[in-house]
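Each structure below appears as structure tokens.
What follows is subunit A paired twice: with subunit B in the first complex and subunit C in the second.
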Partner chain A sequence: MKERALTIVSIIAALALFVGAPQIVNAYWLGVALQLLSGIALTQSWVAFSGLTGYVSLGHAVFYGAGAYVMALLWQSAALWEILVASGFTAAALALLIGYPALRVRGPYFVILTLGLSELCKYVVIAIEAALESSGRLLFDTPDPVFLYYIMLLLAVLATLLTWGLARSRWGAGLRAIREDETAASTVGVPVTFLKIMAFVLSAFIPGVVGAVWVLRTTFFEPMQLFSPTTSFTIVTMAVIGGSDGAPGPIFGAAFIVILSELLWARAPQFYLVLLGILLISFVLFIPRGIYGQLTALAQRRRA
Partner chain B sequence: MSFLRVENLTCRFGGIVALQDISFSMEKGEILGLMGANGAGKTTLLSLIAGNVAPSAGHILLEGERIDGRSPHRVNGLGVARTFQIVRPFAGMTVLGNVMIGALYGRGRTMSLRHARTQCLEILDEVGLADRRDLPAAALTLAGRKRLEVARALATQPRLLLLDEVLAGLNASEANDALDLIRRLRETRMLSIIIIEHVMKALMRLSHRILVLHDGKKIMDGEPAEVASDPRVIAAYLGEHAHV
Partner chain C sequence: MSFRNFALKAVLAAAALSVALPSYAADPVKIGVGIAKTGPFAPAAIPTLNAYQMWADDLNAKGGMDVAGTKRPIQLVVYDDQSDFTKEAAIYEKLITDDKVDLLLSPYATPFHFAIVGVLERYKFPMVGSTAASVQLRTIKPGNIWFPTSAIPDKMGPELVSLMKKQGVKTVSISTLQSPFAQEMEKYVKAALTDSGIKLLSSQQYAMDVKDMTSIVSAIKKEQPDAVLSLSFPADSILFMKAAREQGLTAPFQFVLVGPTADFFGKIFGKNLDGVMTMGHWSPYQTKWPKGMPFFEAYSKKFNQAPDYLDVALAYMSCEITEAAVAKVGLDKEKLRKEISSTTFDTIDGPVKFTGVENSTTPTMFLQIQDGKPQIVWPPKEETAPFQKKGPWVN
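Up next is the complex of A and B:
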């Protein structure tokens, strides 16, 4: 009971802090907060599918990139909200297209296939842009950064609620059963293919919108950058480090990585990437439940 | 119309013919024992009926409706549930969590987690796992995992229950309790049951009829007494010297 109250109080405090941030901090730190919120939104979405089903997607950058591309194409020809929604639906439709063949294979094959398909999409966009003789698209009259910050805050909250709700729902239970043993799951009635594809589609929507917001923020669309697999790697790292079996993990993971990159990126960029690699491997090997999973396990042990 | 009807069922794995031209039928409420040496094709027959493996030829009809070639979750939705000889628990979930998947997605699927929980607590009580409901499934002994298989299958509210060597690893008194449980389940839930068991005495006592497989072929089916005295069964069972 006490723990529950503490959780609620800290959630309200964190929300208040994020809502008030634009009034409190300077532009630089607002940028850091934006990174954090986007990390949370992306990682929550990833966990909603990959964390619960165990199908590790290394292709979520494609949804982010697709959303950004839709924004770059439609900006100033439709209302902001309409384009944001269109970005989300485009990403979701792409997930349906990719998910159908990709979700037939498991384990390392699925990982490689998602990475491959997302790279393929990247080069398709590059080819289209080359055929249109466009070398990057500049976006003019983009919204105020503080406004974009609030959209990102909304996305982070929505993604968190989504994963939180999914993880404790009937659907989430079915996804976890798939993660544990897909054959056994289908034998007791779980429609495995349908649940997997729907979760994949759901987990693509918010990343699409996040990509659209980012391209408004950077005001420049360049496929190599917005479809970069680095985005996928970062999402997976955040999920693995924070914990990927529910909504709290991604918050810890995103905070950890954003803070680490603030401390190290500017000062020792090479060292940062090496450290990231080492951390990822150590967590996979020694703390597979992530920071949050480890904390709850410790708390349970102390109570027992 | 028979409750379950299997017609000319054949199953090949590459070059191996695991089942060849099997036909039989069973009535509602019947307990059918499956007998046969290791590798005879008993597990494969259950996999075909449950939809885990598609037959190479032949049909399976449940109350006149074809179920062969359908995916396992659809077959389960029509009321067929199986246990796995080599147990397949959802190892990372609790015992209760395992059983709840059956209640949430099986034939009797409920959309409410709370409702599923109540149903599953009763089932765990029935199979004797109530005290271990919050343990991770991975922490159960083999005998416990076999019971979990049964509980998870029951939670789907089947009409036909396929049991694959669920008594293995139990001591004599545990095995007796399990047999009582199976009889009770048949009565209270009006189940039809196909059961594979190596303990011959148990199988003879429990089953209304027994089907004998040997090297993927059906030798015979009949009442337990008939089967026990059949020269073909004795020959297949007594092994080499009967083969001349």
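Up next is the complex of A and C:
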């Protein structure tokens, strides 16, 4: 009971901190906070599907890139909210299209297939842009960063609620059953294909909107970089480091990576990537449950 | 000597030293840069960062930067953007709001310039750009960024076609990398070819991750065109030239868009680079621009390699323009904006004046490597050497 109260108080405190941040920090640190929130939103969405089902998707960069592309195409020709919603639905539709064939394979085949499909989508967009004789798209008169920050905060909260709700639901139990043993789950009547595809589609919506917000921040769209597979790798890294079996993990993972990158990128950019590699390997080998999983395990052990 | 005595002497010596160094007592002028020190753009970006560094070192050696009459030392604040332009807005925001720099120099390449247009606008921070060229730059509101290049595709296309006509070219084959700048160039070259009397034999595009251009070059070779245009970036320019060398592509007019101006091209291709045409509007051999050769010699000596005739020249020009403007009006943003927008600057590339965001004095030019030296062969009034037909490749 006491623990539960503590959790609620800390959630409220964290939320208040995020809501008040634009009044407290300068523009630069607000930019860092924006990165943190986008990290949380992306990783939560990924965990909602990959963390629960065990299907490791390396294709989330596509949803992010597709959202950014929709924003770049429609900016200033429709209301911001309309474009944001369109970005989310485009990403979700793409997930349905990709998910239907891709979710027929498992394990390493699924990982490679999502990576391959995301590269395919990237080159399709490059070809479309070439055919349209577009040479990158500049976005003018984009909204104030504080405004973008609040949209991103909303997305991070929604993504956290999605993972939290999903993890506790009957649907989430079904997804976990798929992760543990898909054949067994199917045998006992879990509608595996339906659950998987729906979770995949749901987990694509928010990255689409995040990409759309991010391109407003970058003010320039160029497919090679906004569809870069690095986005997918970063999401997976955050999930592995934070823990991927529920909503708290991604928050820890995103915070860890964003803070680490903040401490190191300006001073030792080469070292940062090396350290990230070492950390990732160490977590996979020694702390597979991630920071949050390890903390809960430690707490439980102490109680026992 | 007692301790008290020693302490007294030390204090006196320190006081004397502080009097003896009046010029460095001034606060440094902080100049911010975000640029690719790592990642795929780094090999091309680092030479431009070297130009910034050389400029800063030279000024510091002369007692500092002239800020409206007062000399102040320069301190460069440099961050690595890791060749990722989506990081650039945050970096320049940090430079402006966190490091509180007095001036900015530009990042490397067009997308990185475009990525900070919004930040410059938001903080009303003027910055002279360098290695960016695109017809899109004209859509940017003037006032916070200026582009010293004259290599803009919609001007280069017609000029290149005029040059080909003058050299008696009747047929041309084009290959284009699927990258914004190369595609813009293709578009404007093709438009200029219509009604020019030059026949376009073939035009093909290839993807960014191209690993080999043998088949593209052999298809072009079969067509036996008078002119071959490889609208490529450094990595695929190398692939194109290697394939052309292996197959002995004989067209007398061979144009390679980006790459031949870089020092490492000379190291890879040696004599084979002679006769290759490329874009660029600076040559140290232009006697009309007396600052050019001293800069070329100083850079070559300091870094043990020739400056890139396009990128490094542009980067250095952006320093010269910033320096001249600050000497006249100081660091006030509004005054700097007015000064940069209205004055004609004397640079290693001759006089530069901006109209809107664009350099409106430097004409579009083309370079040809002759005996390892970059010569301006077009337009005739800027010529430093006459055009030469590309000789046979040697293996």
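To be clear about the criterion, the second predicted complex is superposed on the first by the 304 of 304 C-alpha atoms of A that agree within 3 Å, B and C clash if a C-alpha of one lies under 4 Å from a C-alpha of the other, contacts with A are read in each partner's own complex, and residues count from 1 in each chain.
The definition used in the following text is that a contact is a pair of C-beta atoms (placed from the backbone, for glycine too) under 8 Å apart; a residue touches a chain by one contact, two chains touch by 3 or more.
All of these numbers come straight from a predicted model, not from anything done at the bench.
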Subunit A as common anchor, with subunit B and subunit C clashing or fitting: fit
Subunit B versus subunit C as contact partner of A:A266, first or second or both or neither: second
First (subunit B), second (subunit C), both or neither touched by A:G136: second
First, second, both or neither for A:P191, with subunit B first and subunit C second: first
Touched partner set for A:A72, first subunit B, second subunit C, both or neither: neither
Touched subunit A residues, subunit B compared with subunit C: C
Partner chain(s) touched by A:R176 [first = subunit B, second = subunit C, both, neither]: first
Angle at subunit A between subunit B and subunit C, C-alpha centres, nearest 10 degrees: 140
Partner chain(s) touched by A:T219 [first = subunit B, second = subunit C, both, neither]: second
Superposed arrangement (fit on chain A Cα atoms) - minimum subunit B/subunit C Cα distance in Å: 40
On subunit A, positions contacted by subunit B and by subunit C: none
Interface residues, subunit B side, partner subunit A - complex: 50-52, 71-73, 76-77, 81-82, 84, 88-93, 97, 100-102, 104-107, 109, 111, 113, 116, 152-153, 155-156
Subunit C - residues contacting subunit A, complex: 37-38, 79-80, 82, 84-86, 88-90, 93-94, 96-98, 110-111, 114-115, 117-118, 122, 134-136, 139-141, 178, 180-181, 183-184, 187, 205, 207-208
Subunit C contact footprint on subunit A (complex, rising order): 26-29, 31-32, 35, 123, 126-127, 130, 133-136, 138-140, 142, 144-145, 214, 217-220, 222, 224-226, 228, 230, 265-266, 269-270
Residues of subunit A touching subunit B in the complex: 168-170, 173-174, 176-177, 179-181, 183-192
